[in-house]
Structures are given as structure tokens and as C-alpha cells.
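Dumping the structure here so I can ask a few things about it.
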Amino acid sequence: MTKVQTSFEESVARIQDGDTLIVGGFGLCGIPEKAIQALAEKGTKNLTVVSNNCGVNDWGLGLLLENKQIKKMVASYVGENKIFEEQYLSGELEVELVPQGTLAERIRAGGAGIPGFYTPTGVGTPIAEGKEHKVIGGRQCILEEAIQGDAALVKAWKGDAYGNLIYQKTARNFNPLAAAAGKFTIAEVEELVGVGELDPDFIHTPSLYVQHLLVGTSYEKRIERKTVQQA
Amino acid sequence: MTKVQTSFEESVARIQDGDTLIVGGFGLCGIPEKAIQALAEKGTKNLTVVSNNCGVNDWGLGLLLENKQIKKMVASYVGENKIFEEQYLSGELEVELVPQGTLAERIRAGGAGIPGFYTPTGVGTPIAEGKEHKVIGGRQCILEEAIQGDAALVKAWKGDAYGNLIYQKTARNFNPLAAAAGKFTIAEVEELVGVGELDPDFIHTPSLYVQHLLVGTSYEKRIERKTVQQA
Amino acid sequence: MSSQRENIIQRAVQEVENGTIVNLGIGMPTMIANYIPAEKNIFLHSENGLLGIGPYPGEEDVDADLINAGKETVTVKQGGSFFDNAESFAMIRGGHIDLAILGGMEVSSQGDLANWMIPGKMVKGMGGAMDIVQGAQKVVIIMTHTNKNGESKIRKACALPLTGEKVVDRLITDMAVFDFTPSGMVLREVLNGADVKTVEQYTEAPFTIDEALVDREAK
Amino acid sequence: MSSQRENIIQRAVQEVENGTIVNLGIGMPTMIANYIPAEKNIFLHSENGLLGIGPYPGEEDVDADLINAGKETVTVKQGGSFFDNAESFAMIRGGHIDLAILGGMEVSSQGDLANWMIPGKMVKGMGGAMDIVQGAQKVVIIMTHTNKNGESKIRKACALPLTGEKVVDRLITDMAVFDFTPSGMVLREVLNGADVKTVEQYTEAPFTIDEALVDREAK
């Protein structure tokens, strides 16, 4: 019943060429550093990656870009990455830009078995082109479809052997949504705690969403924009 | 900035005849006892009440039924209440039965600004009659619409003056969904704690969903089916 | 408990595999929990917002804030969790429940289920049943083979309003086990001393017979 | 900071009312936070999952797990909370944010906004802007009145791809404040020494002039 694994290499070997992968994180905050590194080493190709951003040149999902492992990126903002720009302009990389709230909701819908939903977000913009429109409750909306992943990579703060997870501060971001929407979810945690140590009233990702759980060590947790108070 | 109120009577006076009211609770577990009692005393009429169940004869939403304050009930299961049966069979009470998961999702959608969504739940059943059908991802679905309340009544375990709430065990049930879907949300808590005492990583209902917060005393918390282990 | 119900439960509990997430319906299915062997590590899901239902509490541990979907006081298992109803049905609809065992009133040969409403009688509501039959990875229905008048509850087509269309994976009665496959309803097992002939006699719906079962009877 | 930007921020901060929930866009809008008077109890919402942004941390309190939507390290205010992105945008789309202040590239006379994409240039993405303009109770856009070539950014119709259609409630520039009403765009205030004539000269979009403003200029 334990989901604890010890080899990131073996866990990411579950991911096949051509898979759709949902990856937690916002910018470089709360990204599954270790699983991404293992996947970069593994070299799995033709991935469709769904994640709010695409890392930076030499970190996070940028590592997979550098290796040309990503065929298509689904994201809301990709402005922090030069390699991304090159591959996109050369036509190597397919890109689907999705408003952040719609992206979050589509991933949630994927985990929650809601095949599609209507939202006013994007009406009258290029995002709405080709999408079904419907007025509901007096509001013009467009139809958006759920996103499910063949696999999901998430990063949590603490987890137990059953796969219960808690996240810290804004490192939560897309992680719980990704965990639920992955058919095979690999969670990495900073700390493995005993079963029963996490308060059942305050578990962010209940155990049933997680298939593999690994403990990562020496997290870099790079900061994109360190801002401090002027003393 | 404090949302703390002292009079249930004054708070429920915000609710008008004919309003749609979303009420937390599952069976008699986690119901907003005090606000319901105050509303029964106030006598507000022609209410549309959205709640998973409708209390029992002499407790919970059953008190509003007894007073004939409810015009229409939207629920998933109403089998525990004799008065309900009488009013329904006499045609006094309008009833919309909604599958429990669809009810939860419709209330969540109301709070989340999702006007409608597709679900496979209910396809091929009386629930699907008259609803738009669509095949998404190979799955036959029906369109369900969001539910918003003019007001919501919820019961939490602890809350702070800003309106942050936490719930206990299965008393959480529909309460966080109702809190978000009410245009005016009245939350009652067993304990008021200082601002900053609730861990920001573990708040179930963030403050912005709550308009009034009241402390209830001597909760009855009736049990419908007390079951104990045979020694 | 009648021996009929006891027999059904005894067979149904074999469906529960180690390390799985299981939702048990209200009534007879709830009782299956008491028969799950201790060596199987099962997480029982309760749709009112609990993963990891524990045993009924001792008198001193009864907690009004901790109930199951049948509104009975329960406990929570180590490693369990609480959540709201949107999350609970996200688990169900999203395919995160491995197995659901529910009661039935009628099952059709194509795997339709009716278990929530009898026209002319007071409608109590479907609760979470319509969501569960659509969402669980495997849906097992348990019911007596016939009604009080000895008539088959396994029908060519359900007469009662449906809970779900083509949703049943397996049906367990006091007499037989059927699977619902793309090529129709298949008799897999005969139980409690019944034979294929008896099952045929008491089953309105047409079905085929598993080869292995034919072989066994031929011996 | 240029005095133009400073002027815009000074006027924009007046939009922020005590006791409200406010989302500030990346860039110039983020800087508004520094100008909110301490006596106003505001909860700043950050769409990456934080209600109650506090000031930038001291050097020793920098936490990689605590950032705002602009990816800057921040702190959390007492009474704040963290949540996932589905919840964060449920707050936005569901109308639970009282005020959003965002930057703009172009605004049209009917309140259309373009602020995410310049054809021919590398597309970086819209982030949460399309959700915010649809969901916030009040949407205030801040931008310079004209572009580098002195051309009006307030257009009859936006030339750039839209972020949202008819979504702007108020526009604040270095020269003027406009409101978008069912009867069209209305000039409410002239700022920083500009007069109505100058505003008319630098504004491509047609607008009417608030009566009170006409009266004031007539004096």
C-alpha cells in the first residue's frame, strides 16, 4: 500500500514518448525539480507539456526544451525563456496559450471528470476563435474542455507513504490540480512523514490522487525575482 | 474590516421573501443551526432553499418547512422528513432533485463564475430530460447550470474576524461551497479566534467569501443514526 | 440478517482487492465493510467527504461531526482525509474510485441500473448514486435475484426509472454472478447450490454462459 | 520612475477603498501597493494563490515558496491565506474581487482592452489578465495617454488583439480619467494641468464630458 519509491529515474520511466504531462509550479515556485531533472536525463521525447509556464533557459521545464523533448506546450505565460522563443519561431515547438484561470479550471475539470465547461473568459478575443459560444444566465460564454495527463509531476512540502500531500505557501499553485488530473501522478516531497502525522482535516491532496511518492533532497528552489524591503 | 456580528436575528434580516438560499450541511451534520432557527423565528417566506437534504421534522431545515417558509427545495435526498412528504404530495412544495455530485458541482460553479458545465451524471435517466446533450471526448454528457444564492448560511468550526473559516471532519461537506456561492454569506462558528491564529496554509474558506460572522453557543449537533461498536 | 443477504455479502466482499479505494452504498453494501479481512488495506470512501472510514466508534468516541454517507457515526482510519463535497465527487466522477458496490432494484441485460425511484411512491432522491455509477472504475451491484413475488429483478429492460444506462460491470445475487460485456450479459458463477437451469428460470434477461462454467457443469 | 507614471499611480491609488479585495496587475499596477495609506485595511489578491500580500520581505525572510504573480518574493499579511490556482480564479471569475487595476496597451471607446499581444512580436501569453477583466467587480486600467510617437492609445476600436470586450470600467491616464457607461465613454477628470481641449486632441476615441467637469471649466 505504500507508494514510496526511491528512484526518480525508475519513476519517470513510466512516462512514454508522446505522452501528455501535467506539471505543477508557477514560474520556478513549487516545481517538481527532481522529476524534471530525471526526465531530462531519460530523454523521453515528443511530450505535450501542460504547465502554467515553461521554466527558464537552464532550469525547470527549460531543461526539457533545451533537450528538444517538448513537442507542444500548453501554458498561460512563457515570457521568461529564450530557448522557448527560438523553438517557437522556428516552428519546432507547438504552443497553445490558455488564460491562467481557464488553464487551472481545465486541469481541475480533468481531475474531476467534468469533460467541458462554459466560461466568459476569453470571449471576444483570439482565444474564443473556433470555440462554441453560448449565452448562459445572460452572459456570453465559450466552451472549454478538460485536460487530463497521461502522467503528472507535482512537488509538495510533506507527504506520507499513502500519498497524502500538503503544500507550502504559494508553492501550492497548480500542484494539487495537476495531481488530480494525472492518470499516473508522481509526487516529490521535501519530507516524508509517518502515516497519521498529517491532520486529516488539513490534507491538500488526498492519497488517492498519487501513484508514486519520492523524497527529494537539496532543493534549489531558485528565485526569479528576489525583491526585498529597502531598509 | 471585522465581519463579526452579534445578532443572528439582524443578520438573517438580510434575507428577503423570495430569495434563493444555499444552506450547508449533510443530513444534520454541519448545519447552521443558529441561523436556521433565527430564520424560522423571522418567518421569511417563499424561499428557494438549496441544500443536500431538508432536515428532519423538528430540526434543521425541517423548521422552515414546518413554518411553510420554503416554496421550492433543491436537494439530492429528502427521505428523512414526513412534513416534506406531506407538502410535496399536496403540491405546496416544489422540489428539484439533483444528483449529489451535480448539486455540489453546480454550487461550486456558482461560486467560481462557471455558468455551466457538462457531466455524464444522469445521462439516460429522468434527470437528463429536457437538458442539452453533447458528446465530449467520446462521452455523452448533459449540460448543468451553476447555482448562486442571494444568501448562504454556513456553519464552521473556527473563524476569525476577517471571515476566514475552518471546518471539522465531515461537518465540512457542502459548507465551503455554499459560502462561495452566496452573494451574502452568513457564517456561524463554534469559536472565534484571533486574526492570525489560523494557519494561512490551512484555511478552508478564505475571508473574502464571508460577509457576516457570528459565534453560536450550545450547539445541539443532533445525530441521526448513532452507531457504536459492539463491545 | 437473512442467509440470502449474508450469502450476497460474502460473495461481494471477494470483489474488494488489497490496496484499493472502495465506495460502499447505503444499506446492504455498507455491511460489506465488516467482512473485509484485516490483512487487506482498503480505503473506504464516503461521499459526504471522507476517505478512510474506520470502524464504528466506541460509545465515548461518538462524534456528531464524523458520519458516513448513511448518516451513521463512524471513525477515521490512520492516513484518512476529510474534504468538501465538490472534491468528494471530483474523486468519484474523475475515476479515482476503484470499486463501488451498490444495491439495486432492477438491472437490465445491457447493464442499466434502477435503484432510486418507484413511480407512485414518495421519491426520496438519488443522493450520490447517479454520480457513482458514472464515475467509479468498476460498478458492482448486489441484490436479491427475485422480488418478494419471486419475479426476476434482472430484466430485458428496466421498468423503473434508471439511475444510469450501461453502467453495471458486475451483478451479484444470491444465485449468480453476471458480468456485462460488450457482447452482452454473461453468467460467470452460480452460487449457493443453484445451477444454470435455475438461474435461467429466474432470470428474465437473456444472457450467455461463461465457457468455464459450462465445462464445470458438464463434469 | 517618470513623473508621468508617478502621477498615474497617485491617481490610481485613490480607487482603492478601505476594506476591499484588490488585484493589482504586474508592472506599474503592482507599485500602487506602496502608496496605499496604512489606515486602509486592504487585502491584495495575487492570482498565483495568495490573499493578503504583505510588504517585500527583509533579506533574512526571503522565501522561495512565497511569491506574487510577478514572481517577486513577498510576505503574507496577518489573516491572509494560500490556495491553489483553481480556487484563486474561482475568486476572480466568481466576482469575489472588488477591484482590479491592470496596465493597458489600448482601450477602445466601448471599453475593450488590449494588453497582451502585439502581432509580429513574440507572444508571451496572457497570464491571468483575460480572467481578471471578466471577473473583477470593477476593472480600472492605467496607462499613458499616448504612445512613444505621441499617438492616442485610446482608440475608436482597438487595433491590437483584445484581452476582453467591454470590460473596462474606468481608465486612468497621465492626462485624464474616463468612465465606460452604457451610453459610452465619459471624461470625468482632467489631470496634471491638462484641460479638456488637450485631452480631446490626444484622444482618438469619441467621448462625452461629465457635466460637473464642463461646469468647472466654465468657471
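Letters are used for the chains, namely A, B, C and D, taken in the order the chains are written, and counting of residues starts over at 1 for each.
Note that contacts are C-beta pairs under 8 Å (C-beta built on N, C-alpha and C of every residue); 3 or more make two chains touch, one makes a residue touch a chain.
All of these numbers come straight from a predicted model, not from anything done at the bench.
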Comparison of A-C and A-D (more C-beta pairs in contact): A-D
Cα-centroid distance, subunit C relative to subunit D, in whole angstrom: 55
Approximate Å spacing (C-alpha centroids) for the pair subunit B, subunit C: 29
Approximate Å spacing (C-alpha centroids) for the pair subunit A, subunit C: 35
Residues of subunit A engaged with two or more neighbouring chains: 105, 108, 112-114, 119-120, 167-169, 172, 200-201
For subunit C, residues that touch 2 or more chains besides their own: 76, 82-83, 86, 89, 92-93, 134-135
Chains grouped in pairs wherever the two touch, ordered by label: A-B, A-C, A-D, B-C, B-D
Residue numbers on subunit C that touch subunit B, as the complex places them: 46-50, 55-59, 62-68, 70-74, 76, 82-86, 88-89, 92-93, 112, 117, 122-131, 134-135, 161-166
In the complex, subunit B residues that touch subunit C: 26-30, 52, 75-79, 85, 88-89, 95, 97, 99-105, 107-108, 119-127, 157, 167-177, 204, 221-229, 231
Touching residues on subunit A, where the partner in the complex is subunit C: 1, 108, 110-114, 160, 162, 164, 180, 195-196, 198, 200-201, 203, 206-209
Complex contacts: residues of subunit B adjacent to subunit A: 105, 109, 112-120, 134, 136-137, 139, 141, 145-146, 166-169, 172, 199-202
Touch list for subunit D against partner subunit B, complex: 18-19, 21, 41, 43, 45, 51-52, 76, 78-83, 86-87, 89-97, 134-135
